[in-house]
Each structure stands twice: as structure tokens, then as C-alpha cells.
Amino acid sequence: MDNKKIVILIQSADQRGILAKVTSWFYGQGFNVLHCQQHTDDYEHVFFMRLELDMNDMKGSRKELADAFGSFAKEQGLNWSIHYSDYRSRVALMVSKTSHCLYDLLSRNAEGDLRCEIPLIVSNHPDLEYIANQFRIPFYCFPMVKGHKEEQEAKVRDLLKRFDIDLVVLARYMQILSEDFINEWQGRIINIHHGFLPAFQGANPYQQAYDRGVKLIGATAHYASSDLDQGPIIEQDVVRVNHEFTAAGLREVGKDVERRVLARAVQAHLESRIIIWKNRTIVFGLER
Amino acid sequence: MDNKKIVILIQSADQRGILAKVTSWFYGQGFNVLHCQQHTDDYEHVFFMRLELDMNDMKGSRKELADAFGSFAKEQGLNWSIHYSDYRSRVALMVSKTSHCLYDLLSRNAEGDLRCEIPLIVSNHPDLEYIANQFRIPFYCFPMVKGHKEEQEAKVRDLLKRFDIDLVVLARYMQILSEDFINEWQGRIINIHHGFLPAFQGANPYQQAYDRGVKLIGATAHYASSDLDQGPIIEQDVVRVNHEFTAAGLREVGKDVERRVLARAVQAHLESRIIIWKNRTIVFGLER
Amino acid sequence: MDNKKIVILIQSADQRGILAKVTSWFYGQGFNVLHCQQHTDDYEHVFFMRLELDMNDMKGSRKELADAFGSFAKEQGLNWSIHYSDYRSRVALMVSKTSHCLYDLLSRNAEGDLRCEIPLIVSNHPDLEYIANQFRIPFYCFPMVKGHKEEQEAKVRDLLKRFDIDLVVLARYMQILSEDFINEWQGRIINIHHGFLPAFQGANPYQQAYDRGVKLIGATAHYASSDLDQGPIIEQDVVRVNHEFTAAGLREVGKDVERRVLARAVQAHLESRIIIWKNRTIVFGLER
Amino acid sequence: MDNKKIVILIQSADQRGILAKVTSWFYGQGFNVLHCQQHTDDYEHVFFMRLELDMNDMKGSRKELADAFGSFAKEQGLNWSIHYSDYRSRVALMVSKTSHCLYDLLSRNAEGDLRCEIPLIVSNHPDLEYIANQFRIPFYCFPMVKGHKEEQEAKVRDLLKRFDIDLVVLARYMQILSEDFINEWQGRIINIHHGFLPAFQGANPYQQAYDRGVKLIGATAHYASSDLDQGPIIEQDVVRVNHEFTAAGLREVGKDVERRVLARAVQAHLESRIIIWKNRTIVFGLER
């Protein structure tokens, strides 16, 4: 895929002509709109938009574009963010003992499908260090010592800053983050929950699914929120099961769903396709 | 599909050689086993089995077969039931105001896909009588009068007896049945819940799904239990949605899932493919 | 769903600022854009667009809007069509002996999900007249007499004109239409093929699927083209099968896929969501 | 999953009482049947069966069991094979330049989900050696020199013998194997075709899919046959696409389908769940 795009995400109160005004503004600046997606929430009267521009049309600097559009946006009352497809987001993976999501994200990135940097892997257990080594990625292990969660998290948050991280992916990190941590990283932590939310919240969802005798099991990727498993959902999927599956069997087939749900969510975030609105997500063209 | 089969459903404590004993017994009686499905729950050590025999191998009467197998089953400690594929189950449909599941079941049966009799449709609202008329099926309307639920249910239960009903299908019947009703019809009432259980129990699941911002919506067919939406699940399915769907939009696409989930569950029951075990179902070869 | 929308479909050569120009034009005319979807084919440099406007913003007559936009479109070199959501398309259903698609479309329309008129059903066999009667829709039977295909088709085409039909749906019409017929109705005939095109073209796709031992079977809804089963594909779906399915079993489960694939395609057409481009379709927001 | 099982695969002409005879024989030998799956092809009158026995019931040696069952099977005219779940099949992966299937299989095996040995990776290109190194697996590169296919294949076949390989997996090996090679390895070579067979055979299926404008793309895992892409299908799956996908976009999303389709097929083979019959496969309980 061509890497020379500018992506603009916009959210505002709905207003007449907003689409014409925004597209005309960029046209006036000499930009060709490659792709435009827009959504209006008719209940809350909110307008959402994603624009893809051709970076080759850019005359001035990125700062100049940000300033110019910023003042236009201010007049129109738009919340916005601007993203350049040649920038590689810096992603930190946090894991515990389960390797399937870690392997999946690392190999997708190695294949060039995620287009991000993964400068470090953080864990509360030493178990998966060998995978970090396979992919030559620094591995930091901060075991959780009862009663010292704050110190442990402090070290992690420190590291994330030091490595200039843009996005944290909890790839089966089996440890609840503190409210402080989550608030500091609002909208920049993606978690994979190995169940179909809002069903099966909390621990051991596969056992819950088995006990309830469901015929489908699923996984949910969502932004972390201080309220456990209540954050904005980005992506979900399911797989069909039957009476022959034990809880362990569900866990095994569930891995496949977790893998692809998390990967799709991370990719959507990295391609600047997501706008978070209250407890929902607008995900533009995840399929594309 | 050939209609000349005998289906035997068996459940027992797991025991060595049970499979050999049962199949040998029928072989000894001159029966050819057309199809045999079996499942052992290794946790609870329970054995489940479904046998399809060729009715042409039958020498004696149905009573004789029941007696003969009955005494063998007693020795072996088997719970069992016998079903003849040339018998058409008598199914009562209960509806309120929503027509899509009613239309779907009636047209499937008209096409010969369900292979059952539908001698009556019962409703607590007059709205859908015209559909009953289209298919020339008696329609009984018993409006629910506040404080007179017992009388209303009495009339319905009366009717079900009088029409010699085998199975009651709640095809979007928006009225909770009393515990007495459900206990009397234990394992013979199939309900379609327009949500992916155990998520979105109770009223207005589509609004709940919208509020939670899920990316898939589903439907669940289950046997009615006194504990609302907690009965044994027979079948579930989902459809992908996104931020563009209003609660009304979810409701509209949800209809398709409800239709096929309910139809599959009813068909599995009518083909004697289901064994209920505690709060679970063993559904043999629903796909077949 | 609100019925007061104007839908404009646009196709043109790709050009800078086209999006801004079109949206600004409508803004200038006092229209609020409710929804805008756009697609650029970067290979063939073609631009496609679908606009939803609020009909309440309309001041003049429909003819005036058509004229005004027409001259603007001419300057810009746009191919376009205008659709009003309060107009009910007139749909003719053509069937033979299989009833599941017919039942499905009639019941969906009866439930108000298709929002169209179905003034007649045409068949080459008398078998399904009783269904037409159930829904009180005129049924016309023109048996195919060997060597008299032209007369038979002439009668059908006559009828379609007389009934002022907008769309013809071949709901399992087992008779190949002549090239003349198809050319006259270019882009206005939707056919359901009971196989996953381009696999299993021609007759008896389920037998073909069985012989090949596939693990999924599908259905394809497409616009009819003189080249059999080669027309632009609108929608496809599949269902999982296994070795236990006979060709008859495949046929039975296939019905469900045919039903929903055809219904989705017809709905997309009726909601003016489809632009045909060469042998492809751009289907805007079918899911919505 | 418990690893102490004996799996017996049986195929024979259909005959009365075959199920009773086989299960009774094992019961007589003191074996408890953990799981029994059986299928009768009513057209060709062929009987297929898969038995899982508890290895703890085994008194004699594996040779003794083979001999004893062998003579029983001879009397009954059964084709059969016996498999011990504590044996790790030795799998050779053959690749070219595409890494996603290779990464997927290696990481699944590293996670213990495939339960096989992968003693070597063979390629006709050097590109993926670094992945072999990551997983510390010997990598053999035999470039294809025009006109010297025979020598190249001779080296590969040599290696496979030397490494005592049970199964060859073509994980996107972009080179057609000779008829000799395939015949020598009949039923022991699994190939992933990046298209939904029988559609899109041969080269560049994603371009073919794009040109045809399909709405779903798929992948097919099958046993290699001398007739290209005509071998017995083991597993297939699809993913939904739309007009926005370029051929490159289809290729990218297609990777996910290829990954899981190939993994499921390999796992089914390794768990002795597959019987090949003519150009079809009976796959017992792939989902389990």
C-alpha cells in the first residue's frame, strides 16, 4: 500500500455544509482528497469524518499545515487530529505468559503488515523472553510483587516515556492497570479480552462460556478504561463451537479469534481509522 | 430426505463398552445402524448417543421395540427416547406483533423443510391474524389483561392439550410465561432471544447493544426455563455491524439472524437431534 | 427508517476537487448532506459517489432539481441519477418451481423491509400460483413451449411494460433469458445463482459442489448479462458444509444462503446503493 | 489436551453390523472407546470410521495390537491405519518468498498447538532463511534452475527421506511439483491455495478475484495431486471484501484466511482426523 498519505480525523457538532466547507478548504489549499469517509450520529447530532489526502500535494511544512487547518478548524468548532502515513508509530507490547497474540503481532509486523516500530516488550513474567529474543526486541520484565503495584507500574510508565511510545497493546497482559496508568494513556491502550463482551467479563471467560453452554465463542479488542472491560469496543469476532468442546478446547480455538481481532484493532488504530466518541468507536473502513 | 428412520436418543453414566453393547443389541435385533453419533462428557462422566436405524429392518410393532429396548436399557441404566421419522410433530407457534419469525417458520414448513404440523397459532395480540389466514392456520388471540395472566395462560395451556401439541415455539412472543407453564412444558418450549446470550438479557437487547457499541449482534434460540433467558442454549449466530447502525438498524439486520437461528433450533428439535443435559444441550449434527 | 431522502448516484472520470465541487453545489442549493460515500478507483481513475440529502430542504420541483443539477453535472462531466426515497419501485418477481426465495421476498416486503411494490409474479410453471394467491398478487403463467421462446418472452416483456416495472428479480427462474430481453433490461434484472461464482456456473451447482467435495457452499446475486452467470456480482455469501452432506443436503442448507443473498442484493438496489461499472458493482453501505 | 490416545481410521464397503463388530472387537480386547465417529456414504456404499481408544487400556505391544486388529480387519475386509497420539509426526515445510503461513505454523507449533516436529524448512529461494534461524530450524535452499527441475526435486526428496519426514506442507511454495514427487508422497503433501477452489485455479487468484469483482475471497487447503489444484479439499474459508479492495488489498486480507485454513488442515491431518476417499476427504471433527 502507498505510504504517502495524510489522514485527518475530525469530530464536531453536526452543522449544515460542514462536509462542503472542509473539503473545499483542502481543495483551496491545493489538496486532492483521495478518500473521504463521514458519519453523522443523528441522535447526538455529532459529525465524524476521515480524510485521506495525497502527501505529494503538500507545499509547506507539517507545522504550517497544522497551523493553517487549526485556525480554520477553530472557526468551525472542529476537534481534529492529523496523521502522516510515513510516520511509524512506536508500539509497546505488554504480555504475561500466553504467546499467541505476541507471536501474531510480531510476525505481522515482520511481514510489513502493521507498519509500526515495536521497540520493546514489557512483561510481568519472564516466560516469553525467548520470543523477544527471536525477534531481537528488548524485553523488560517487571514481576508484580504483592503490595508494590505502584512501583511496578511506575517502572513501566517510565519506560514507555523513555521509549517515546505512541500505543500500548495489552497482548494478553494478565494484570489490571491502575486508574492513573489508564488515564495517562487514555485512548492509547488497546486490550484484547478473550470473550465476547459484554458477556463473560472478568476472569476465565472460556470457563464461563463452557458453563453457560454457548454455541459461539468470541473475542473483543477495546480501548482500556478504568472500568474493567467497559472501554470502547474496536473489533469483535466469534467462532462456532459445540458440546464437544471442553473449556480447554474453547481456549484453544479461541486463540485464533483473539489473534485476528487484536491484529485488526491494532491495524485500524495505526492507520488512523478510529475516532473514540464517549464509550463507542467510529471505525472507518476497517475492512479496506 | 428419506423419512423412514428410527432415531434413538440415549443418555447414561459413562461405562466401559456401552457403545459396543448398544450397537450389538440393535444388530442382534436385525437392525442396521445408518448413523451413530456419540459424545462422552469426560468431566461429568456422562455418555450421550444418537442412533439412526433403518425402519425397513423393523419386524415387530413400535410397542414391541419400545418394550424390548426398554428392558435392555433398564439393565444398562440408560435414559432413552425413541422417535420415528414418519411421525409429524405437532407444533404450536406463539407470537405477538413481530412477523418475521412467524413468516419464516410457516414458509419453511410450506416448503417441506421443517416436516411438522402447525395446527394453530396463539397470540396475545390480534395483529398477525392475517398471516395465519394466509396460511389457513387457526389463529387464537388471548389478550393479556393486567392481573389475569393466570386465566390467559390457562386458556393457552388448555388449547395446547386439546390440539395435542408436542412442541411450543415462542416466535417472538413478548410475554413471560409463568413458572407453572414452563415446568409443565419442560424441554418442549423453544424461545428465540433477539440477543447474544448471556449478553443482553431481558428487554430491548438491540438498544443495549447499541449503547454498548458492539461490533456484532446476535440471536439465541434456547429452551424456556423459569429463569428468564437462562435456559439451555440450542443455537446462536451473529452478524457484523458497525457505528452506522442505529438501534433500529440493528433491529432490522437482527431479524435475519433471529430467523435462521430459530429455524435451525426448531429443525434440530424436530429431527430429534437434541439431548438436554442440565443447563446445556448436546446437538448432534445440526449441520447435516 | 425515515423515507424522506434524496439519493444521488454519481460516476465520472477522477478529477481534482470533484468532491468539494459537488458537495458545495448542493450546499449552495440549500441542501444538507445527510450522508456521503465516495470511492475512487485508482487503477481506472474513476470516481463514484453516493449522496443522501434531506428532502425537507427541497424548495423547487423534482424536475427543477434534475435540470439544475443536470447542467452542473454536464459542465463537470458527471454521469448521475437521482432517486427519491418516497418512491416505491415496482418489482416483478419471476419464478419457476422453487418457492423459498419467493416466500422470503414476499414476506420481507409484507414486513415493510423491502419498501417496494410487487404488482405481479411471472412464472413458466403453474406450481407456485398458490403462493401468489396467499399474498394476493396477480400470477401470470407463461409455459415455455419448445421452439416458441420468443413468443413466451414477448408476452413477459409486454407485461413488464404494461405494469410499469422498474426491476425484475429472477427468484430462481430456471430459464435462460434471450440476449434481447437482457439488453432491454440492462442493469435492471437481478438473478440469484445457487453457487459461489465464478465456481459452479451453469446447471446443478450443488451436484458440482458435492462432486468436488468443497467445504463451503455459497450463493451469488448478480445483474443478468447476456453472458450466462457472468454479470456484475452484487452480493455473495457461504455456509460451512462437510462430508456428511449429500447433494440434496447441500441444496437444503443452500436455500438459506440464497434467500439472504438475494434479499440483500434486491434491498441494495432498491435503496439506490449500487453503481454498475463495467463488470463490477460498487455497493455503498449494503450493511447499513 | 491429553496425549495418551490410540486413533484408528477405518474404511470399508458398507455392511450390516460393521459398527457393532468393530466396537465389540475392541471391547473384547479390553479397550474403552473414548470417542467414535462414523460416516456412511449412501451413494457409494462406503463406510468410514474413526475410533479414539484410551492408551492406558493397552496390555500388549503396538505390534501385537496391529497384528491382532490386522487379522480381524482382514476377515471383515477393512482398510485401516492406527495412530498413537504420543508420536510426534515429522513435518517438512516448503516455502518460497511469502512468510505469513510459515510464521503462523512455526509459532503455533512453538505454542504447542500443532504437536509435531518440524526438523527442516525447504525453499527454492533464500529469502526466508532468517525466519528459520529465528526458530532454530535447519533451512535448505535449492534454487530452481531452468531445465534442472529433476535434480532440484531429487535433492528435496532425498532430504525428506533422510529426515524421515511424515508430512510435507507447501506453505506457499510457488513451484509445481512433478508427478513423480506427488505420487511418491500421495496423501502426505498438504498445499494451501490462495483462492476458493474450484474458482480461481492457477496463478494470481487475487487478481482473478479482483477482475471478477467477487464479494468474498477465500483460501483452500488440499492434498497435492498431479492434477494442479484438483486434489482432495481438506478445509476452506472466506472473508468478506468489497469494491474498495485492490488486488493488493485482497492479497493482504487473504493472508489471514490462508493462515487459518492451512493451520486447520495441518492440525486435522496431524490428529489423524482425515480419510481420503477418491477426490474427497472425510474430516472427522475438525472443530473439536
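By letter and in written order, the chains are A, B, C and D; residue numbering begins at 1 in each of them.
Here is the rule we go by: a residue touches a chain if its C-beta (ideal position, glycine included) is under 8 Å from a C-beta of that chain, and two chains touch if they have at least 3 such contacts.
Just so we're clear, the structure is a prediction, and the values are computed from it rather than from any experiment.
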*Looking at CA centres, what chain is most distant from subunit B?*
A
_Of the chain pairs B-D and C-D, which one is connected by the greater count of C-beta contacts?_
C-D
*Euclidean distance of C-alpha centroids - subunit B vs subunit D, Å*: 37
*Distance between the centres, which are taken as Cα means, of subunit D and subunit C, whole angstrom*: 41
*Give the residues of subunit D that touch two or more other chains, as numbers and ranges in rising order.*
39, 240, 242, 244
_Going by the contact rule set out above, which residues of subunit C touch subunit A in the complex?_
16-17, 19-21, 23-24, 26-27, 32-40, 240
*Complex contacts: residues of subunit A adjacent to subunit B*: 39, 42-43, 48, 196-200, 212-216, 218, 232-238, 242-244, 246, 279-283
_Residues of subunit D defined as touching subunit A within the complex_ = 1, 99-100, 103-104, 107-108, 110-111, 113, 131, 134-135, 240-242, 244-245, 248-249, 252-253, 255-256, 260, 263, 285, 287-288
